[in-house]
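For reference, chains read A, B, C, D, E, F, G, H, I and J in written order, and residue numbers begin at 1 within each chain.
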Amino acid sequence: MNEENIYANLTQLGGESKLPTSPEEAVLERVRNPQQGTGYLVRFTAPEFTSLCPITGQPDFAHLMIDYVPGDWLVESKSLKLFLGSFRNHGAFHEDCTVSIGKKLEEFLKPQWLRIGGYWYPRGGIPIDVFYQSGPAPAGVWIPEQGVPPYRGRG
Amino acid sequence: MNEENIYANLTQLGGESKLPTSPEEAVLERVRNPQQGTGYLVRFTAPEFTSLCPITGQPDFAHLMIDYVPGDWLVESKSLKLFLGSFRNHGAFHEDCTVSIGKKLEEFLKPQWLRIGGYWYPRGGIPIDVFYQSGPAPAGVWIPEQGVPPYRGRG
Amino acid sequence: MNEENIYANLTQLGGESKLPTSPEEAVLERVRNPQQGTGYLVRFTAPEFTSLCPITGQPDFAHLMIDYVPGDWLVESKSLKLFLGSFRNHGAFHEDCTVSIGKKLEEFLKPQWLRIGGYWYPRGGIPIDVFYQSGPAPAGVWIPEQGVPPYRGRG
Amino acid sequence: MNEENIYANLTQLGGESKLPTSPEEAVLERVRNPQQGTGYLVRFTAPEFTSLCPITGQPDFAHLMIDYVPGDWLVESKSLKLFLGSFRNHGAFHEDCTVSIGKKLEEFLKPQWLRIGGYWYPRGGIPIDVFYQSGPAPAGVWIPEQGVPPYRGRG
Amino acid sequence: MNEENIYANLTQLGGESKLPTSPEEAVLERVRNPQQGTGYLVRFTAPEFTSLCPITGQPDFAHLMIDYVPGDWLVESKSLKLFLGSFRNHGAFHEDCTVSIGKKLEEFLKPQWLRIGGYWYPRGGIPIDVFYQSGPAPAGVWIPEQGVPPYRGRG
Amino acid sequence: MNEENIYANLTQLGGESKLPTSPEEAVLERVRNPQQGTGYLVRFTAPEFTSLCPITGQPDFAHLMIDYVPGDWLVESKSLKLFLGSFRNHGAFHEDCTVSIGKKLEEFLKPQWLRIGGYWYPRGGIPIDVFYQSGPAPAGVWIPEQGVPPYRGRG
Amino acid sequence: MNEENIYANLTQLGGESKLPTSPEEAVLERVRNPQQGTGYLVRFTAPEFTSLCPITGQPDFAHLMIDYVPGDWLVESKSLKLFLGSFRNHGAFHEDCTVSIGKKLEEFLKPQWLRIGGYWYPRGGIPIDVFYQSGPAPAGVWIPEQGVPPYRGRG
Amino acid sequence: MNEENIYANLTQLGGESKLPTSPEEAVLERVRNPQQGTGYLVRFTAPEFTSLCPITGQPDFAHLMIDYVPGDWLVESKSLKLFLGSFRNHGAFHEDCTVSIGKKLEEFLKPQWLRIGGYWYPRGGIPIDVFYQSGPAPAGVWIPEQGVPPYRGRG
Amino acid sequence: MNEENIYANLTQLGGESKLPTSPEEAVLERVRNPQQGTGYLVRFTAPEFTSLCPITGQPDFAHLMIDYVPGDWLVESKSLKLFLGSFRNHGAFHEDCTVSIGKKLEEFLKPQWLRIGGYWYPRGGIPIDVFYQSGPAPAGVWIPEQGVPPYRGRG
Amino acid sequence: MNEENIYANLTQLGGESKLPTSPEEAVLERVRNPQQGTGYLVRFTAPEFTSLCPITGQPDFAHLMIDYVPGDWLVESKSLKLFLGSFRNHGAFHEDCTVSIGKKLEEFLKPQWLRIGGYWYPRGGIPIDVFYQSGPAPAGVWIPEQGVPPYRGRG
């Protein structure tokens, strides 16, 4: 198994990196896909996403799930975590924010395929979920459901 | 089993009663406890309670659970349903509303014991639950937990 | 283990018994407690109880759970099943019916202790649960919660 | 991310809007889709829908889920909430009401695709669910299951 | 929304109807589909179905779910409830009974499509489920899974 | 409904049959399919299957689910139960045993289609599941998922 | 019900308040307990709490639940929400932070009793929960379990 | 930690032991409690218990949970497994069998305290649970609930 | 059933094998597929997988699920367990490790089809799942979902 | 809030520490309790504990939960994680190992009270749980249940 040297050029792994203050400041990093030529799915689950409402400045929260079929690159997971953390004090609407994160990763990783599910916490009693994918799922790759249970209110 | 004539004086059971327009207009009814002298618990679960916020006029929703140990009386369940339905266009704060419903039933039914759990739907991301009981639970009567699961947000 | 001859006097076990047409016609049977002098709990779960509403004649349904600490007798389980089945075409209110079944078993089995939980299906959106026990639970006997989850409406 | 000015023409966002007294009085609002040309799904979950039975005047309750793939427009979420709230004192049958809400949104938003699931609370022990979509789901867009668990009665 | 007069010819809605004593005696009723020309799904969940075993006379229980895509007609829900209730003292095998109910509704409602899932309670430790549909699901109509969890035994 | 005489030739239904001592000794029985010409699915869930490990002689346990679309025959359920019970003292490997049971039923019932899921209890911490079907599912017949949740280890 | 004027002196309710930049800047507000002299429990569930790690500056997340039995005062829920939101960019250790929030509310509300449960998201695979109460629960007041399920890892 | 030599006298650990043909033939083994003088609880969960009905010879199944506070001895777990497996072809009633297993272990281990919960699979639709303990739980030892969820029938 | 002699050439089954110290040292074994020519699925669930992080040396944990449709061979389950156990002190990244295990089995077993799901425990709050399959699932073979629920954080 | 300098003397926090090769080599660290004089509970959940069987050398797995009421000290969480990780290649029996970890922490932290629950993965189908506490829970401190659901086998 040929994993050992693909992480050589990374700058954030190891030491304690500071949380970037905005998505623009965040630096996504990538490593060579050690299983290039193989169609497989990688899933990240980020139950701790938070941003600010651009109108009221109040915090919003989301549970994000990101699925992708790598092409030449894997996203380095610590840089992804810092990128997601960089929305902490950034204003963003639910629909646009979710799709934008998906497209940003799509552009950076040039995966065979990518999708993102944004499960936002309720505001005014009616939560919003947003689902985006880069195109039809590639034939022959296994893409399980994300399976997040629906919101139920109380009781 | 001696049940057949305790419902003779009821006015709302049978025909289709109109929803009362306010809690004051609603008429609670009661029947003789057919198991008088026995300590037992009756539980009503009302997952469809709704009232209005007295400040904004927006609707609020709650899942209510009412437990009582009857004394001389049982509440007639259709009149209870109409009483709870009468809050539909009534302004009420969560804490006061829940406790007031409990006290109203306590006064009317003179039960050996009564409690109410109000599980309100989230507003601003932080739901409120309110728990009231008329006093310590009577010794020797079986009082199971209400067991409503805690609110979890999304994801 | 001394179990083999306690079932000698039973009349319903073995052949296919007909469903009794009323609770009065049903014949409860009991066998000697093979562990007399020992405090232990027996629990029956009957998710298929049904009776009729004495006012409208419509069917009612309940999930019943019966717990008892035997004295000299165990209830024979097939006769219990037939007894519960005998309410199929019998009119009965929720509160009285649940408590009456508990008391009938109490009288017949003279257990050290008994309780019954009646979890009735919703009518008009507000289900009723009824909880009865014969007295305080005997000290030193293990009495686990019945643990039926609360009714949730839809969603 | 280009989100900041699409909300400029809204009239209800910000101040406290009154609940409209009927669906006809309610004013749906829409904003430009900031991700136009991209196929993605937006899901609203409204566990607090309530209307009146047109025959008996009794309240009905439903858990609604609305999925749509935006075209040129996004629905503004506060106006959607007020629109759904406007059914509070309006008479409506389950099947027709659910489909009508779907069609009203379809007409107003001209989405690429829309569906609505209406999960109504039980009446008479038998709940009704209603499922409507505007046509076959667009190819290549990710459409997860709504995943509402089936009704189970009690126990 | 054009719902108000489609219920004019019904005979059972309103007053308290008696439970029919057999499926033959039961009278299904139907109303004009107010959304004719639209493909949508209606789901009934009946967790309280009960019939008798034709060989032993013992009660059987089932959780039934009925899905249909209406054509010209909707089934009137109270008449459906009475029809299902009419099996209370009727002998019926699991496989045949489930399919027969589906076919009876198919014949009466002439829907675009119909299916029924019968989830029967365990007898002898091995429950039977029966699944029937009138044909392939119509293209472009949304048909969610029924989602009843499988039987698990104890523990 | 034409069910009453299809059970006339059965030998095991009614009296208390002895558990067969091996699969070879067990006698499967079948009855005429009362809904011949109709494509529908019958599901048996057997959470109590047990056999012996052919190498160590230790007991193995499985939760079996059998789905089939009947042709001319239905399996008689008591004979199926006795057939499954006959593996109690029989040595069998997980993969072969599960598939063999499926094939035996396939041969005997000549169904339009059959599948079996064998969910075996963990040995050495790693449970085995085995899934077999007789061929592609017949078009137009409704085949719901078996939906057994995955093994989770502890905690 | 005497609720209408207890909110007169509030400064944050109504308009859109800005998120305070630190706990010190946040202003908790309180209203007269409209049910003074009655022992009842109020529960807030805050699944969206977030602060920063004082050593690494990385975000931490917690699900907080606060229970209290009011004395003369109720906490105004919007000010509580802003107070909790003010930890967003504040450094805090898990144990100290949870207990400090509890004590701050205790000091401000002078309740009959208060407790807080802090359920922190995993770091390094081992989550921390912190449980604090102001003293023994007052006799005769109903204090249900918070009921948050334990962390389970994956699978 | 002083664990290494307490297993020296065991006869069954290591090689593949044959399943004993009856409870009488089974040999329970015990080892010195390495934490003597400390009150702690050991719990065994046996989801694979099976015996025969002494009247019909049909297999019965149970999920057993055994809790004990050791005195001088721990039960050796492989011998416990073989002891439980030895009921495979043994006739036993539910109540007596569960209590007898508890008493047998009590006699053999002379624990400070012991309890057993027997959760039997349904027969005739009504499962039996049996709960026995050797006496009041010792003060100061932690005894968590067994927490087996109640039987729910189908649906 | 023709199972008995296919295990004749195995070297690890029976005695207590030592855990191999690396994946290279581990010896996978295989037996003739006793149901050759039949398309069926075998699933292994391994909730106890652990390896080391190649950068920090800290332990990582995963819940693995492996599905395959056998060709000429079945994997011998004990050798699979030892192979998985051999990663205990081996450095491996999540994505590469999961895919490599899948490919190793694919190469060794030459199955008709194989897939692996790796559900890794959270590190830094964001768990990774990895899903690989050898190609499109073979037509006509039954491939149920793995159904592992998504990670939920806390609360 | 007075948290900032209590971490000054720690040696392992910050850099990447190596996993200690045995429990003896591991160095637990502690910090001053910043809330001294206050009774509160701290809970650690470690779903990733693994050790070796001292007889067979095979890996064992456990889900550990540790609750304590601090005295003068808090355990530093990274050192706790390394301590637990140090059992990775250490032989340990379930009962003794669980209790020993509890006592080691008790001795080191001198808490007001401590308990540990060890939920071990099944071996031979019968998992063992071990529960230890240092003495009766201190009066007036809130001690919630650990709430780990019981093992269920398969299906």
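The criterion applied here is as follows: contacts are C-beta pairs under 8 Å (C-beta built on N, C-alpha and C of every residue); 3 or more make two chains touch, one makes a residue touch a chain.
Small disclaimer: the values here were computed from a predicted structure and weren't measured.
Asker: Under the touch criterion given at the top, what is the topological distance in steps from subunit F to subunit I?
Answerer: So the least number of steps between the two chains is 1.
Asker: Just to be sure I understand the contacts, which chains border both subunit H and subunit D?
Answerer: Shared contacts of subunit D and subunit H: C, E.
Asker: Between subunit C and subunit J, which partner chains are common?
Answerer: Both-contact set = E, H.
Asker: Select the chain at the greatest separation from subunit H, using centres from the mean of Cα atoms.
Answerer: D
Asker: Among D-H, E-H or A-D, which pair gives essentially the same interface as F-I, with more than half of the residue-number contact pairs in common?
Answerer: A-D
Asker: I'd like the Å distance between the centres of subunit G and subunit J, where a centre is the mean of that chain's Cα atoms.
Answerer: 27
Asker: Could you grab the centroid distance between subunit G and subunit H? Build each centroid from C-alpha atoms only and quote it in angstrom.
Answerer: From the centre of subunit G to the centre of subunit H is 44 Å.
Asker: Distance between subunit A and subunit J based on Cα centroids, please, to the nearest Å.
Answerer: Using C-alpha averages as centres, the distance is 33 Å.
Asker: Which residue numbers or ranges of subunit B touch two or more of the other chains?
Answerer: 14, 16, 47-48, 61, 63, 121-125, 127, 145-148, 150-153, 155
Asker: Give the pairs of chains that touch; include all such pairs.
Answerer: Every touching chain pair, ordered by label, is A-B, A-C, A-D, A-G, A-I, B-C, B-D, B-G, B-I, C-D, C-E, C-H, D-E, D-H, E-F, E-H, E-J, F-G, F-H, F-I, F-J, G-I, G-J, H-J, I-J.
Asker: What residues on subunit H touch subunit J, complex-wise?
Answerer: For this pair, the touching residues of subunit H are 1-4, 7, 13-14, 33-35, 38, 40-48, 63, 65, 70, 74, 77-78, 80-81, 84, 139-149.
Asker: Going by the contact rule at the top, pick out the subunit J residues touching subunit H in the complex.
Answerer: 23, 54-55, 91-93, 95-100, 103, 115, 117, 122-133, 135-136, 145-153
Asker: Considering only the defined contacts, which subunit H positions touch subunit E in the complex?
Answerer: 47, 61-63, 119-125, 127, 148, 151, 153-155
Asker: Using the touch definition from the top, list the residues of subunit C that touch subunit E in their complex.
Answerer: 16, 18-19, 47-48, 50, 52, 56-59, 61, 85, 88-89, 121
Asker: Can you name the residues of subunit E that touch subunit J in the complex?
Answerer: So the residues of subunit E touching subunit J come out as 150, 152-153, 155.
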